[in-house]
Structure formats: structure tokens, C-alpha cells
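Order of writing sets the labels: A, B, C and D. Residues in every chain begin at 1.
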Amino acid sequence: MLMPFKTRIRVRFGDADPAGLVYYPVLFHYCHIAMEEFFAERCGIPYHRVMADDRIGFPTVNVQAEFFIPLAYGDEAEVEVTVARIGGSSATFVYNIRRVEDGVLCARSTSVHVSMNLDTRCAVPLPPRYLECLAENHS
Amino acid sequence: MLMPFKTRIRVRFGDADPAGLVYYPVLFHYCHIAMEEFFAERCGIPYHRVMADDRIGFPTVNVQAEFFIPLAYGDEAEVEVTVARIGGSSATFVYNIRRVEDGVLCARSTSVHVSMNLDTRCAVPLPPRYLECLAENHS
Amino acid sequence: MLMPFKTRIRVRFGDADPAGLVYYPVLFHYCHIAMEEFFAERCGIPYHRVMADDRIGFPTVNVQAEFFIPLAYGDEAEVEVTVARIGGSSATFVYNIRRVEDGVLCARSTSVHVSMNLDTRCAVPLPPRYLECLAENHS
Amino acid sequence: MLMPFKTRIRVRFGDADPAGLVYYPVLFHYCHIAMEEFFAERCGIPYHRVMADDRIGFPTVNVQAEFFIPLAYGDEAEVEVTVARIGGSSATFVYNIRRVEDGVLCARSTSVHVSMNLDTRCAVPLPPRYLECLAENHS
């Protein structure tokens, strides 16, 4: 089992709302960015190649998220990505978002992603190459 | 008890991803837009006045969402907003997102919003004017 | 010659930055929304059908914009769309963005859009159906 | 005179449109990100501290942009930032956006930013600390 995958994302001016805090839909954008990085780093294939080569995408079908501490403009976030469950044609990812400055856990999102054929838009079994890398990152 | 509040949102070119489907963080943006309209229409105060007059915001602290059918570029969405639970300083909103064309339920998000003083960033009791309008829209 | 096309867009919470003003890239999103509405209303074909039926898109290749007065969260914008120039495979649109409350001109963007085949990604002559509607909206 | 400031930005799934290309308002977001990095790296003050400490912002009042080659999902962009002109209370930045893979120039945006007091929302003379760093990055 590998160390959990982590990636850093700086909060941008355009990510923050009139209260100076990250607009919560943007936190899900951060999770998606972290997933893209996860595929590149841990599965050895950038997410756009997943789509182009294998005609597969991993749309989100279920999200459970808690926001503990708001991230503010000027903060840097660290997103940790782990795999909590692997199904036949789906996988559950957990995203822990921490503030880099003090390591405090700001948000956690647990998302179920389905393996979908981009042409038929139907669920398909997870291809072996992804199964393997997801298993290695199982928490 | 009032009829559930509903508002329509057209899917924009910039809302859709390379698969032609609405990028899932954007669906939460749609929910927030619907909440802003809800305050204006049902509570009689636009959300920016909530913030300016009462120095109160309603940040999201918990989200549970399911995405059943993807919305695509060209679709129009109807977001129905109801109030599922009212606490001392929080309220739970349910957002049902349907495709206008055929009425199919595409997504549902249940979000807990906390009543927060924007200056202290602390939770505060829901002011009476909001309590009343939330109660009228209880599902 | 028709009256200039106009559409209204409400500034959303997520559109505004920590200064409470519309983040300037979002103003270009507003212009694009207005262009989408223009196609639907004035050319009789929604922009997603332009892409799906005719395999044509109108990417922006040149922008000149001035921002006179910032739009703030809570404002409503009215975007006026006119056609300033029609070329063989391009058209120049002018977007005037006004604040609805007092009609003040907040921003103007002049954009050149090229008629592009989405499969070859090459410029193509403007199809007659668009030429006609653009001509009718020439300022 | 320093070497031009450069920063890299990876095109994200959520940045691309149904044609698979970066939605053009997002390119201006990239320019703003590069400007934020510029302040941190070249002026020694992160942009959020500019706003918090000096109560100054640099809103964009004029943009001239050309888009030569579309950036696509999967690309990495390099944004070069130089200062083309320094006025009493404004500065003109040039952003050259290249595709990292082959160095091709994809877009150029020339923007005038005004030094604005965030409380009065009025233009103010550029403070000496910024004047100096802008002068060092004059192209």
C-alpha cells in the first residue's frame, strides 16, 4: 500500500466569494483537479488520455461532503486522495482538504465515480489498468 | 404550506465539460443560484441584502448529493427548493434538479446551511424573518 | 434593421470576487451567454444546435474590452448584442453591458468570432442562414 | 532588467468546453493567476496581502487580446508576464500564453490595471513598492 496521494492547490482570487471565502462549488473543482493529478501520478496516465485512449470517463454519481473550516483567499490547500471502495464499475474516492499553513482539516468529500464509456454513456467494468492502481491506493 | 419554490436555469456553453455534460461542481453553483432566488422570492429579501443588511450569510457545511442523469449542454434545468429541517442556527435545504424537457429528475442535493455572522464568522441563531419564511417552505 | 438584441443576467454570488465585484473573466462569460441567447432569439437556432446540426462553432479570436464601472454582487446586468462587421468567415460582435438599475454603461467588449468547422477546426465561410441573421442585426 | 516572469498552468477538465478547448473567459482567469504569482514572486508580496495590507487592488480596466491557437484539455500553458507601461496610477501588463509542449504562442492579452483603493474604490497613485517592482519587470 502506498502513502496517500497529495497535491497542493493555491486558492485563487477568482475562487473566493464576496465573503473572501472559497465558494463551495469550487471545493469540488479542487477535488476534481486532485483526481486528475491522481490519475497522472498514480495510474501513470493523464486523465485526458484516459478519455482519449480508453474512451472512458469517471463521472461523479454520489457526493457526501462536510465543510469544517472555510478556506480563504490567500490560503493554500492540500488535497489528499485515497480510494475507500472499489466496485465492479465504480470506485469511491475520499478527498481530505487541509490548509497547508497549519494542517487543519477544512473539508472532506467522499465521492462515488462510475466507469463510463464516453460513446455509449453506459457504465462499464473498470479496466484492469485502473483496477490495479486503485487497489494500490486503497485506504 | 406553499408550493415548492422552483426556478429555471439554462445550461450554458461554459458550464459543460469536454464530454458535453455539465461539470458536476457547476450543479452546486446551480443550487446556490436557486437558493439566492429562493431568498428573493420567498423571504422577500435578495441574498445580497441578507449579507449587507443583516451581516448574515448561509454557508454550506454539509452536502449529500446524487447525480442520476447527466445534464447536457442545450438542456434547461428546473431547480426545486424545499426546506427539510430547521434548527436553531441552521437549515437543511433540498434541491431537486430536473430536466425541463421531460421532467426527469437529474440530481438531488441536500445541503445544511449555517446562519453565520459575516463579521465574527460564528454561527448565530436564525433571525425571526428567515425562520418564518423557512417554516412556510418546509416540505 | 432590427432593434438591438438585449438580454438580462443577474450577478450571482459565485460571480463576485473578494472585493464584492464581478471578477472580470466572468464578464466575458456574460458576453458568451448573451451570444448564445442571440443565436436562439435572432437566428432561430440555439447555439448547441448550431454546433450539433451544422458542426460549426464561433470561437473568439480577438477581444477588445473596456471596463468603465464595476458590476457588484446584487446588480442585474443587461447585455446588448450588435453586429459591427461581417466578413467571409468571421463576424465582429459588440457587447454593451449596462447596469439595469440606472442604465449606466459598465463595460463594452468588441469580439471577433470565426466560423469554424468543429471537426477540422478550420475556418469556413459563414453559412447563409447565419449571414442573413447577422446582417439583420448589423449596427 | 529581469528575465520575464513565467508561470505554468495546467488546463483542467473543468476549464474546457464541449469542443474540448479552453473556454475563452478561462484564459483571462489564467492571466489573473499569473498576475497573482507575479506579485508574489517579483514584488515579494502575495496578492491577497496587497489587498489586506495596503487596501489596494488592481482591477482590469482595458483588455486587448488575441487568440491564435486554441489550448485544449490536456495541454499545459506557460504564461509570461511583462510590464509594458507604467503610469501614475495604472500599469499595462502583457500576458503571453504558450503551449508548453511545443512553445507555440496561443494567446496574448494586454491589460491595463488601475491601482484602486479598496475602501473608496477610487484610483490612487501606485505605491513606491509596486512602482519599483513594476519598473524592474518593464519589457
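Here is the rule we go by: contacts are C-beta pairs under 8 Å (C-beta built on N, C-alpha and C of every residue); 3 or more make two chains touch, one makes a residue touch a chain.
The model shown is predicted, which means the values in this text are computed figures rather than measured ones.
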item	value
Copies subunit A and subunit B touch via same or different residues, half shared test	same
Intercentroid distance (Cα basis), subunit C paired with subunit A, Å	33
Averaged-CA centre spacing for the pair subunit B and subunit A, given as whole angstrom	23
Distance between chain centroids, defined by C-alpha means - subunit A, subunit D (Å)	28
Sequence positions of subunit C contacting 2 or more other chains	13-14, 18-19, 23, 25-26, 29, 32, 48, 73
Topology of the chain contact graph, where touching chains are joined (line, ring, star, complete, other)	complete
Subunit D-facing residues of subunit C, complex	18-19, 21, 23-26, 28-29, 32, 48, 51, 57, 59-68, 70, 118, 121
Residue numbers on subunit B that touch subunit C, as the complex places them	12-14, 29, 32-33, 36, 46-49, 52, 73-74
Residue ranges of subunit B in contact with subunit D within the complex	13-14, 16-20, 23, 25, 73
